[in-house]
Each structure stands twice: as structure tokens, then as C-alpha cells.
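The next part holds the structures, each set out as C-alpha cells.
Shared chain: chain A. Partners: chain B in the first complex, chain C in the second.
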Partner chain A sequence: MAEEIKLMKGNEAIAHAAIRYGVDGYFGYPITPQSEILETLMVEKPWESTGMVVLQAESEVAAINMVYGGAGTGKRVMTSSSSPGISLKQEGVSYLAGADLPCLIVNVMRGGPGLGTIQPSQADYFQTVKGGGHGDYRLITLAPSSVQEMADFVGLGFDLAFKYNNPAIILADGIIGQMMEKVVLPSQRPRKTEAEIIADSPWATYGKKERKRNVITSLELDPESMEQNNIRFQEKYRRIEENEVRYEEFECEDAEYLLVAFGSSARICQKVVENARAEGIKLGLLRPITLWPFPTKAIQDFANRVKGILSVELNAGQMVEDIRLAVNGKIKVEHFGRLGGIVFTPDEILEALKEKII
Partner chain B sequence: MELNEIIKPENLAYDKPRLMNDNPMHYCPGCSHGVIHKLIAEVVDEMGLEDKTIGVSPVGCAVFAYNYIDVDWIEAAHGRAPAVATAIKRLNPDKMVFTYQGDGDLAAIGTAETIHAANRGENIVIVFVNNAIYGMTGGQMAPTTLEGMPTATCPYGRDIALNGYPLKIGNLLAQLEGTCLVTRQSVHTAAAVRKAKKMLRKAFENAMAGKGTSVVEFVSTCSSGWKMTPEKANTWMVDNMFPFYPLGDLKNVE
Partner chain C sequence: MKKEIIIAGFGGQGVLSMGKILAYSGLMEGKEVSWMPSYGPEQRGGTANVTVILSDDRISSPVLNEYDIAIILNQPSMDKFENKVKKGGILIYDGYGIHTPVKRDDIRIYRIDAMDAATEMKNEKVFNMLILGGLLKVCPMVKLENVLLGLKKSLPERHHKLLPMNEEAIKKGMQIIQQV
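This part shows the complex of A and B:
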């Protein structure tokens, strides 16, 4: 398949991008608002074209453990779900992180807590960037704000996951998953051969051939060794923080005030910046693309340049804590959000900016 | 004749399997795990599958199975081994994939993964060690604990009204279309060991031939958990476990 321009939903773009990137396996369980990922893969039947395995698991718990098994053999494997299902996967995510395994997870967020609602939300920020499962671990977290980025971040997510042997997650929401946009799909890449896997992932369990046995585990009962494992994880996380921060600035050159927003909220905030500038307010937007590693240094710099920051999130105030840590009290930082599946309007956000910051 | 004159290859009657390594085992005296490990190592070696085999170890006493059998291993979360094995086999159809699970792992926390992997007919072997107790955590009640049998969490014996019935998960798995072999074996006598090995080999052959899921249940002792000498545990198993979990094939599709 050559590069193609298509009109499709964000969820469908994830599925098509996965096939075209040469993913080896997808393991999922239906949940709104992301079921189109599994459905699209089943319609496309990639096992007939690329040999990609697609399997509907009996639960989210089984799906993430299938990812653990597949990742252990050095394959490119992924799963997707929405908030309640992602909660179920957390044990497996912790095991993946604890065993240094690369994989891709997609969370198309919906409103919670509990069964909540099927409407969009960004309330899983804490769960994703602060841990989620047990233990000191981090997920490379990509926040797409367009259908194009849903497609692009599949490849980027796998590239980063395999660069650092760490799980990566696409943290999208119901808006990005469900809305249709124009998307350029990449041309088809081949899946890795076993020889390439052996060369790229010498730790993988593909059967012992003229080498010592490979063991994938997160278990280490000796506390000195377990501390060393943790130190190794932390060193890896520092390298990722050093090298992989991604963000985008919009109308920031002369900005006196700054909005910080990710994903669908950032799309809405672009309109807020336009409206504010029409009124003569010099407003800019910083959009973190990686939520972990967080663009801390960029926000520190803005703390010397702007008078105040409004964190605009579809939650009760989560990313705002990371902004405040970066700003460290230098300027005013406030949060504006809508909860439980309600999406804010540009007018509401501009009102909140005037009321809380200006 | 001196001893040294007798020690030569042609006089070798019995040897440690090549795929059992020299790591000292953490298993208790009298435990069945060691013998079952040995059988797996022998079957993998005899079938020439060393370079194709991936084992999936559980959470429980056998969590460290990867320390003893010299093949590639993935250590799974508690109960999830059949899901882990499903993906390994689906993504690597030419490999030999087996899980090694205890009764708590397979028949309590992992019941869903076990039943659905078997129901899909995954071409894997499930080695199921049923000693009716949680060994690693210190002898608590298992789904397979017999009625009236005391454990740390049913100190006055398993009470059916409180805890329900011991689960014959092997019989349940035998009902599923996806299983081709469900057999109940033991390793308490030399004859039993020989028979068990034959069925284990059949299971591994089924997996490589793509016949579906094979389950080899080993009714086993846990002398520490049962608070018995190894010898007493063997006798107790024969007298109490075998009547409830009778040995033999529950299903064997040719």
C-alpha cells in the first residue's frame, strides 16, 4: 500500500496506521468510544496481507497480558481501550514496565470515575503520567490532537517504545477518537523478520539458540538487586526526559498570557487564541505533545515571559499541577475545566482566562 | 572392583536431564514440582524442541520454574499465563509454548484466562499442578482444597456452606471443544512418573501438531502446606485426593 489521503475517524486511523507500520499483533476488548479500532482491524483482515495477528480477548486483563507475552518475544504488539478498561489493564502495564518491555497502549478517554459516561474526558492524566499501576514507573505518553496525529503516533509510539524498551501510550479522548478528518496514511512497511528481532531485541524469548536462556520477569526478591533494577529504570526515565520532550507553540512569540492544553482541548484553545487576539489580548497556546516527559523547561521559560498561565483541561485540574511545579510560584497558574463528559466552548475558556488570570 | 571402575558412560542407568540446570531448587522436601520439572525438561529435550520452547511461569511456588528448566521463559502475572501463552503462540506459531500453573493461579484468579484460552483451542500445553493448597503464601485454601481439609484460611477444615465446593476444573476444561487432551496424572511412584511422562509428551506433540489445547493436571503433594512428612503426604494424597480427583484421561482426542 502506498501513501494515501483518506477521510476517517481517529480510531480508524489508529487501526490503519498499525497495519501499515508493520505491527505484529493487536489484542483488544470492545469498549466505547474506541471499539472502531478492533472493528476496523477485523474488517481489514491484516492477517491475510501482512500476517498481523488480531484477537478479541476475553477481557481487558487478558488483552494486556497478551501484549505482555507478545512483547516478551520481541514482537511489535499493541492494545487499546477506554478509561474503565485501561484501569483494568494497570496490573499488566506495571509488569510490562517492570520487565523493560516495549509495546503500545491506546487510551481513548471517557468521563469517569467508575462506569462514568461514554462522552470525552481528559481525567486519566494522573493515571497515565503519574503511574497508574503499582511501583515507580513511567509511560512514554503521546497526546494526539488530530486524526493525523492518531495515525502518526502509532509509529512514533513504537519507535520510542523500542528505543527505550518501555511501554508507550497514546492518550487520546472520545473527541479525537470519534471525529473524522483528512489523514495521510503512510505507505506499507514490512513486519520485522525473526532475524531482525534477534538482532534488535537480543533479550527476547523466541527459543534458546546457541545462547543462554532468556527470561522475561519483573520479579527480584533480593532487595539490593531490586533497588538496582529501580535505579536502572530511573536512569532510563532521565534519558527519556532529556531527549524526548515534544510540544507545539501557537502564537507564542509576543504572548503576555499563555494557555496550556493537550489533545482535543488544544484544538479548542486555538480558537480561543484567535478570539482573544481579535479583542487585543496577546494570548498564546502551548500544546504538550508528550505529557510524560512533560515540557517542564519550556514552561519554565514562559514563566519569565508571560504574566499568567491557564491550564485548560477536560478534568478537575490535573496537568495544572505539573505546570505549577515547573513555574514554581513565579507567576499565576490557574485551571479551567469541564467535567464528566462536557466539552467547553471557546467563549467559556476566554471568560475563565479573563476572570482567573487577566 | 573399585567404584571408579564402575563410573563410565556405558554403565549409566540414570542421569539428570540435560535441560535441568544446577541451580539449587527452592522446593520443599517431598514436593512434586521437582519431578514434574524433570519430566518437562526430558520431553522438551527428547522432542528436540529446546530452540523452539517458551515456558510461561505462574505466580505461586513455581514462579521460579525459570531458574531450573533451561529454556526461554516469560514470568506471568498471577493467573494470566494462558493469556500470555496465547499471544506467544499466535505470534510465533512454530514455537512450543507451555504454561506451568498451580491450583490458585489456574483455577481461582486465572479461571477466565484458563477457560477462554482452552475454549479458543490455543495450541499450547497447560501443566496444572493441583496440590489443593496455596504453597508459596503459606498454606491457604485453594479452589481445589477438599471438603473438611484444614488450611491457614480454613483452619477448621473447608466448610462447603462458607467456601463452596472443591473445583474440578479439569472436568470443566474437558467439556470445551477447544481442548484435545485433558488428563489427570501424579508422580508419587515410579510407575506414575512413567505414565505421566507419556501423557506430557502426548500433550507437547498435540501442541506442535496444532490439535488444540492440552491440559496435564498433576495431583500433587504439598507436605509443608499439608503439615505432613513427605511419606505421609503421599499416602494422604492416595487416600484423600485420588478419590475426589481420580487419575486418568478426562479427554483424549486422537
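This part shows the complex of A and C:
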């Protein structure tokens, strides 16, 4: 399977990219708006081609714990769900983080809280970048804004997860999951051999043989050792913050005002920038690609260059807090959002910019 | 070239699949395309709509304020989208589903009696292909040969025997669309 241009939904792109990246196992449970990930994997039957395991678990909790077990053996394993299902997984996510395990999680967000709606939302920002599960941990968080990035971030997510031995998450939403666009799928890569797993992940429980026993656990009853574990986690998080910040600028060179938006909102905001510039407003857009680590330094720089920032999110104001921390009161920072599964139009955003910032 | 299109009607009328065929046709012609459905409990009996964008350049937002072309297949969709057609744009509606006349006088309005024609052809499933034919007649944004290729790409292989019937419906749709 060589590179080829296809038309597909974001969810389908994730499934195809997982097979082609050489993922060893997918464990999931269906929920709208991301069910096409599991469905596509079932249609493609990768267990016949690459040997990848695809399993519909009995619940979200079972699925994330299968990921915990698979990740402990050094395999490339993943799960996906949507907001309420991701909430169910949080205990397992915290355990994965606490055991230094690499894996990929996908959240195609829908409106909440509770069971909420099945329409697009970005209200799980706090859950994803501030915690979600218990304890001082971080998830490497990638926010795709196109079907192409849904495909690309599967590979990037696994690369980063294995580079730092830490869970990575793709934080998408119903728009990016359900829309169809052109996508170039990567070439098929082989799954890792046992020798490669042993070389890359010497900590893994791949069968003891001659070496000392490897232990995968997040439990440490001695608080002094647990503090040392936490210090090690924090050092790792600082390295990630130093090296892995990713963002994209759109029409920012001469911008007097700035929109900050991620995922599908960033796509809608590109149109807002086009429309605003047609009216003579010098507007730019900064799109964080990694939500954690957050592009704090880039936003600090903009605080010296622009007159005001509008954070545009499909929630009641979450990322805006990180922008305000970066800007530290230097310029005006406001939020505009729609809630519960309603998606804003470009006109609504431009009106909010005029009303709140200009 | 950039066309921003909304197709809106009842679930089950083939709104989403018509949009898909249009998107595939654009892909065949080397254009940038986006297909954004209203998804979820709106299928079967409720309202369903899909936004399709075909463009020579990179597409920014898949969500729009207003459209170059609106294809309206029931009254609730007319009420929702009539005022969202750009000035000078195109509105196409099926005569069967609409009871209040279109009020706009700054757009081009077309009527296509596709439901009647589908009944006449004894095949209600070609309804959406009749509409697609009408659209291509009044706004030939993609070549017919690419539409047929797109149709083939978007249909699973087990349905390829239905291709000639769909082609016939597209051509029929081109004949029966009328400017109002």
C-alpha cells in the first residue's frame, strides 16, 4: 500500500493510519461521533494483513485497561472514544501515566456535561490538559484541524508517546471526525518485531528469560520513593514543554488583533480572518497544535505585538485561561464560544471580535 | 472556482449521499473538497443537511454563513436556508415538498419536480440523482464524466450494476429542471 489520495471522514482516516503505522492493538467501545474508527477497523480486518488486534471490549473501562496491559508489553496500542466514554477511562489513563507507559488515546469530543449531545464540542479541554484522572500527570495533547491531521497525528502521537514513555492523546471533535476531506495516507509500515520491542523498550514485560524482572506499576507505598517518581515525571514534562510545542500561524505578520483557536474552531476562524481582512481589519490566527505542551512563549510574544486576543472555543471558556496566564494582563484577552453541541458561524465570531476586542 | 453548496431535506431522501457523490466528482476533477454533514438523530424523517465545498484552492471553514447554491427538498429546510443564499446565488427546490413560494428576488430560482419524475420512473431511489442532474444543468461545476466516475467511487462495488440507472436519472434531471 503506497501513498494515495483518498476522500474520507476524519474517523476513517484514524483507523487507516493506525493500520498503516503498524499499530499492534486497538481496544474500543462504540460511541457517536467516533464509531467509524472501530467500524472501519472491523471492515478492513487488519488482523488478516498486519496481525493487528482489533477488539470491541465490554466497556470503556475494559478497553483502557487492555491498553494498559498491551502498553506494558511494549506494544503500540490505542483506544478511542467520545467525551462520556473518555470520562470512564480516566482511572486507566492516570495509571498509564503513573506507570510511564506509551499509548495513544483518541477523544472525538461531543457536547456535555453528562451524556449531553452527540454534536461537536471542545468542552473537554480542561479534562485533557489539566488532569481528568487523579494525580500530577500530563498527556501529550495533539489537536487536529483537518482529516489529513487525523491521519498524521496517529503516527506523531505514537512517536511522541514512545520518545517520552508517556500517553499521548488526539483531541478532536465531531466536526473533524465526521467531515470528509482529501487525505494522503502514509505507506504501510511493518509492526515492530519482538527484537525491536526489546531494543526500544527494555523496561517492557516481554517475557523474563535471563534478565532481572521488569515491573509495570503505578503503585508505590513508600512516599519518599513516590515523591522521586513524581520528580522524575515533572522532569520529563519539562523536557516535553521544552521540545515539543507545535503551533501554526495564519496571516499573523502584520496582525493588530489575534484569534486563538484549535481543531475545527481554527478552521472556522480561518474564514473569519479572510472576512475580517476583506473589511480592512488586520486579524491573524494562532492555532495551537499541541494543547499540552501549550504554545505559551508564542502567545507571550504576541502580547507585545497585538492589541487584543479573542479565544474562540466550542466551550464556555477553557483555553482562554492558559492564554491569560501567558499574556499576564498585558493586553485584553476575551473568550467567545457556543455550548452543548452548537457550532458558531464565521459571522458570529467576527461580531464577537468587534464587540469584545476592537 | 469555489462553490459553497448546502443540500437540505428529510433524512432518507439521499441528501448525504448526493453530497458525497458531488464531493467525489470534485475529487475526480482534482479539486479541493469538503463534505460536512449534520449528523446524528436527524436521520430518517427528521431534517438532514450537508455542506459541500468544491474549490481550486485550499478550503478554510467547512461551516459557512451563506451559500452559493442551496438545494432545498422540504419546507423546514426552505424556512431555514432561503435567506442564507448569497445575493446572485442559486436556489433549487423540489416542487413536491414545498408549499410556500420562494420570496427572494435577488437570486436565481429553479424548480425540479424530481419526486414526480422518480415516481414516473418507478424508482424513488433515483430522486437524488435527478436533483444532481438538475444542479449540473444550471451550474456545470464538474464534467459529467467526472460525476460518473465519482458515482462509481462512492458506491460500493456490489451496487455497480445500478450505475446505468443513475446515469439515466442524472440526464433526465438535466431535462426537467426549470427556471422559476
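A few comments on the model shown:
Following the convention adopted for this analysis, the second predicted complex is superposed on the first by the 358 of 358 C-alpha atoms of A that agree within 3 Å, B and C clash if a C-alpha of one lies under 4 Å from a C-alpha of the other, contacts with A are read in each partner's own complex, and residues count from 1 in each chain.
FYI, contacts are C-beta pairs under 8 Å (C-beta built on N, C-alpha and C of every residue); 3 or more make two chains touch, one makes a residue touch a chain.
Here the structure is a predicted model, which is why all the values come from computation and not from measurement.
Superimposing the complexes on chain A yields a three-chain arrangement in which chain B and chain C fit side by side.
Of the two partner chains placed by superposition, only chain C is touched by A:267; chain B is not.
Annotation: apex chain A, arms to chain B and chain C, angle 120° (C-alpha centres, rounded to a multiple of 10).
Within the superposed three-chain model, A:25 lies in touch with chain B and out of touch with chain C [touch as defined at top]. Contact with chain B, but none with chain C, is seen for A:205 once the two complexes are overlaid on the shared chain.
When the shared chain is aligned, chain B comes close enough to touch A:213, but chain C does not.
In the superposed model, A:180 lies in contact with chain C only, and not with chain B. By the touch criterion defined above, A:119 reaches chain C but does not reach chain B. Between chain B and chain C, more residues of chain A are touched by B.
Residue contacts after overlaying the shared chain place A:347 against chain C, while chain B stays out of touching range.
After overlaying the two complexes on the shared chain, residue contacts for A:65 are found with chain B alone; chain C is out of touch. Superposed on chain A, the gap between chain B and chain C at their nearest CA atoms measures out to 29 angstrom in whole units. Taken together, the two structures place no residue of chain A in contact with chain B in one case and with chain C in the other. Considering their complex, residues 50-54, 56, 63, 66, 70-77, 80, 83-88, 90-92, 95-96, 112-113, 116 of chain B touch chain A. Residues 5, 7, 32-33, 117-119, 174-175, 178-182, 264, 267-272, 274, 343-347 of chain A are the ones that touch chain C when the two sit in their complex.
Those residues of chain C that touch chain A in the complex are listed here as 20, 23-24, 27, 32-37, 39-41, 59-65, 153. For chain A in complex with chain B, the touching residues are 24-25, 27, 53, 55, 57-59, 61-63, 65-70, 72-73, 75, 77, 91-92, 95, 99, 205-209, 213-219.
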